[in-house]
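Paired with chain B in one complex and with chain C in the other, chain A is shared by the two complexes that follow.
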Partner chain A sequence: MSESVRIPFLSKDNSHMNLSFVPTEDRPKAAIEILGEMLKYKRSLKLYLDVCTHCGACAEQCHSYLGTKDPYNMPVARVDLVRRVYKKLFAPGHSIFRAWDGAKDIDQETIDLWYKYFYQCNQCRRCAVYCPKGIDTAEVTIAMRELLAHLGLVPKFHAGITKNMKLTGNNMGTPIPAILDGIEFLEEELKDETGLDIPIPVDKKGAEVLFNPSSSDLFTNTDGMMAVAKIFYKAGISWTLSSRITETANFGLFFHEPTLREHNRKLMEAGKELGVKRIVAGECGHGWRTWRMFTDTINGPLPFPVVHLFEEVLEYMKDGRIKFDKSKNPEIVTYHDPCNYSRGGNLIEQPREILRACVENFIEMTPTAQYSFCCGGGSGILMDEAMELRMALGQPKAESVRNTNAKILCAPCAICKAQLPTVMTYHKVDVTVKGLSDLMGRALIL
Partner chain B sequence: MAELNINGQVIVLDEDGFLEDPDVWNEEIALALAKTEDVEELTEDHWKVINYLREYFAKFGVAPMVRKMCKDTGVDLKTIYVLFPSGPAKGACKIAGLLKPTGCV
Partner chain C sequence: MSVLFGWVLPYIVLIVFLGGMIHRMLAWTHIPVPFKLTVFPSPDTTCGAVADLAKEAIGFRSLWRGKKGLWFMSWLFHISLAFIIVGHFFGIGLLGQQFTMFGISAEESEHLSALMGTYAGVALVLGLLMLSIRRISSPTVRFISNFADYLALILLIGIAGSGMYMRLFAEIPYSVVQEYLVGLLTLHPIAPPNHPAFLFHFTMVELLLLYFPSSKLMHSCGIFFSRWLITRPHERQVILK
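On to the complex of A and B.
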């Protein structure tokens, strides 16, 4: 396959991740070596390749298969792209049985299929909820994307973001002067709107809370950032942003473990340096799961807890520090569970408790909670050149929302906020996407 | 890798249709880029936004916060989408010769 027609577009420079390009003809051999290494230290990878019984329970549960109708997007088939190579080259047992079992060598076509299909999996893990063996296809996708990265096959979109993460501590590559400029503007806006001097502190040593937003909260989703400032102000909690990391998201999770570790370490260091009592993570799905589930293991021990904004807000509500006026959100609101909140993020009931307190008319969609469909943008499938794919991936979600007749779709994750408006417009579902922070900000009694 | 040909000068675009080298931008190039965005002519309102973006980009190296851009130019977001159908990030920034904003946007 010609390199130039790959979707997503390929990155031409991965040096910031210490990744180089393996010449095409050497890729199969390199792939075997890398896969062999991974099988040694990624125990879950080997387990998932071994235990699948091909029962097919995952097939009809995957939004990627349902939306694209491409059989390779059934989780079982996606993993079989690797499994058949594993069986030929690495699995124990008599080779004659392995040949019957569909064992296959690695060739260029296999590598092409790997790139194509491991970037059609959103790493949403809905399949894992239904798999009787608990196979987490996302773990396979993550491993295979890392293998592809070592061959030099990384999407331009992902490479650009990890470069920005390294240089500025945020996905957008927003340098400190621009962050400060934006913050100053939002403080003026807050004063205009409320008449109050609501601060957005930056690098304030000794604050109780370090808040880590999504960088898009300082670009497009500024309603959310302003709402958070109002909440901390009303709750009387001293807080701060860190200029060196304004990104709960961690794109390293999707395809590159060293980036995952380094970005995570940056936040730990920022928290330690500022001497905060806890870190509060903002509206980012995969970033939340990473902070909550991985930090202690990879950069621990954690000297302070990492909590989610919703957990923090519920504490303020319990203590009577903040109250909401529901009538400020009169529209029918439905709630989209970001994949990494409801599957492995332990954040299902908390946003609902807040919604019931700050909107008049909250209605659940079907399916919901840990059974919810992905928005279709998960794992960074947000690039323009994959628009057709993205709209197909979002189709099951669009149907769920359509059936609620909601006016507002609450989606508290930056990737979902980037993906869902286009999905809803494309599938002709008349709904406005808002973060939960946005709704809180509207209803907060100041 | 696409190209624009403007009076014999070849301007290289990246796969997203943004200028490969933002430094080569000029008003003629802006017009050519506008056509790739189905914007047939650049009115005074277009230029208000474009000039604001270029000034901000020159100072900070990135595109401005959308809300700030709307406030400072006096052009609301609805109108931005009318002027630049692909929106502030993908449309206006492209025509103004900025780098394409990336991330969860």
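On to the complex of A and C.
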């Protein structure tokens, strides 16, 4: 193994995901088996390994490459790490042709490189927008991380989060009594702030809406949670949280499909149990993508819709149930598109419409909407151990924000909210990061 | 030599080319797509998605979004290649008389056919040379290039170069080529035109087509499959209100 390739932050216990460790010397053989299986049920993977022409259009569009300048972080080179094994073992055609295509045997170092570079991809899918063949590198990253997980190679951070989710129903690992305590505290805060009895109900049967927040909203971004409570209160909607699951973020999407399925099923069951009319998803990018795009496949046609908080709020605005007072947010605000809202989940116009209604000075950054750069924390690259990498990945976004001269950066996604403040401080961009709920809460006329 | 390259090889090439291409496309269709992978904003209807695909295939919209230089080289090369392939069918098939249907004389039609062929050929060679220079001169592109990437360019430059040589310096009458090709297609092969430039041109095309199904050139078919994954209309099962 070369010096430059090290496997950092490896989890030592993956038993909660039913994953065991494959001994180092058996890994290449096991990897080949798993890759072969995946090629049989993921058309995207096989197509993407087949149709790339190495044109390099993706290179300059990947924030990971722009930020780190590591040539293996070009999407095409990243996928080539797998493609060369695919060419050697699975691709059609004569072995000479495949050798010309860069076919290479798999060895321990290949697997180390996979681990290193597929955990430097944020699964932001910006390359898919610029690739003439529409190759979505995130698909390959997801598949390869899954393969690595089956070899027992999972970052400590990801393993910890899925364990928390399994034990407590949220990523922070907060036990239910603590959540209830926290909610009580938030209700008191709301009373102090507004003088009104604004409830944050939990497990209320027969409520119209089951709100599924990001667990960080309950403890670190509490303004967002309180804003949501105020909005529902003002709109006169009966709503509830579920103590079973207080987490929209679904880390299974990043590296482990069974976890993705289980998490999704948990929310569906919670919704059915409480007999709600619809589920409203809170501020979380990739969580929204899983609810919006994957639920139908995993849990079949649902008895109730899953909508996003922004869609719900827009409905209230159109019905005239709630109104905003722009003057409460006089600062210059710019909007960061979470990758899984814009490219991943078709939430592009909705948040902008709300923003225009509740802030006075809204300006777009460049690039924006589906062309927007990732914050650099996507796909769970949020571990403190990887701080240096995270700051490099966030660099292109920092430049976009700097050029707007905005004072508030609206980033309605739990991962972005965790990543962007450190990135902005590191790159010396003077801006405060807030969720869209926070801004709505400030501007809401009660 | 000319028996092998002129009589036997064409049939092998045709079988390998068509069979290989179909085989690979069938292989793609046989694998399931478990999740919806739409990249937004995307069209809402199938018609919209097909239109999207067409824009992409004809105008190279995704490349246009990025670096315009790469878009220009790539588009110039592909569009002139498409023109030339169509031109070969009509020019050789109708002996350059294809434009008489627009009411011009046979002579003018032949002249126009030659003129358009020349322009398209120049564009093709220019596009190829620019793409080659880009691949060789840029360190990042060199980093991601394999031998196969250079090989495709070499074959295409050989084909385009010999074609232009015949066009400008050693013209072969369409009728001679037509006779030979008709012979091949009707399974009564006759000797290929004994003309070094033509033999070189024809052999290079045969080599390219032999290599085609095993190479990255399959992107010409694959692009429709891979783009469909991210552009197909996404019916949301649950609609608000």
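Going forward, the second predicted complex is superposed on the first by the 438 of 446 C-alpha atoms of A that agree within 3 Å, B and C clash if a C-alpha of one lies under 4 Å from a C-alpha of the other, contacts with A are read in each partner's own complex, and residues count from 1 in each chain.
Here is the rule we use: a contact is a pair of C-beta atoms (placed from the backbone, for glycine too) under 8 Å apart; a residue touches a chain by one contact, two chains touch by 3 or more.
Since we're looking at a predicted model, the values are computed, not measured.
Chemist: Following superposition onto chain A, is the placement of chain B relative to chain C best described as a clash or a fit?
Modeler: fit
Chemist: Going by the contact rule set out at the top, does A:Asn170 touch chain B (first), chain C (second), both, or neither?
Modeler: In the superposition, A:Asn170 contacts chain B only.
Chemist: A:Ile415 in the overlay: touching chain B, chain C, both, or neither? Say first, second, both or neither.
Modeler: After superposing on A, A:Ile415 lies in contact with chain B but is clear of chain C.
Chemist: Which partner chains sit in contact with A:Leu309 here, chain B, chain C, both or neither? Use first/second/both/neither.
Modeler: neither
Chemist: Pick one for A:Met17: touches chain B only (first), chain C only (second), both, or neither.
Modeler: After superposition on chain A, A:Met17 lies in contact with neither partner.
Chemist: If you stack the two complexes on chain A, which partner ends up touching A:Val85: first (chain B), second (chain C), both, or neither?
Modeler: neither
Chemist: When the two structures are laid over each other on chain A, which of chain B and chain C touches more residues of chain A?
Modeler: Result: the larger residue contact count on chain A belongs to C.
Chemist: Name the contact category of A:Ala270: first (chain B only), second (chain C only), both, or neither.
Modeler: Touch status of A:Ala270: no partner.
Chemist: Under the stated touch criterion, which partner chain does A:Phe9 make contact with: chain B (first), chain C (second), both, or neither?
Modeler: Once the two structures are laid over each other on A, A:Phe9 reaches chain B alone.
Chemist: How many Å separate the nearest C-alpha atoms of chain B and chain C in the overlaid structures?
Modeler: Nearest C-alpha pair, chain B versus chain C: 24 Å apart.
Chemist: Touching residues of chain A toward chain B in the complex: what are they?
Modeler: My answer: residues 9, 156-157, 160-161, 164, 170-175, 177-178, 181-182, 185-186, 189, 214-216, 218-220, 222, 249, 284, 382, 384-385, 414-415, 417-418.
Chemist: Per the contact definition, I'd like the list of chain C residues that touch chain A in the complex.
Modeler: 20, 23-24, 27-28, 31-42, 56, 60, 62-63, 65-67, 70, 74, 138, 140-141, 143-149, 151, 211, 213-216, 218-219, 222-223, 225-227, 229-231, 234, 236-241
Chemist: For the complex, which residues does chain B have touching chain A?
Modeler: Residues 15-16, 60-68, 71, 89-90, 101-105 of chain B touch chain A in their complex.
Chemist: Report the residues of chain A in contact with chain C in the complex, numbered from low to high.
Modeler: Contacts found on chain A: 39-44, 46-48, 50-57, 59-61, 71, 74, 76-77, 80, 92-94, 97-98, 100-102, 125, 128-136, 139, 292-294, 296-297, 301-302, 304-307, 311, 315, 342-346, 348, 369-371.
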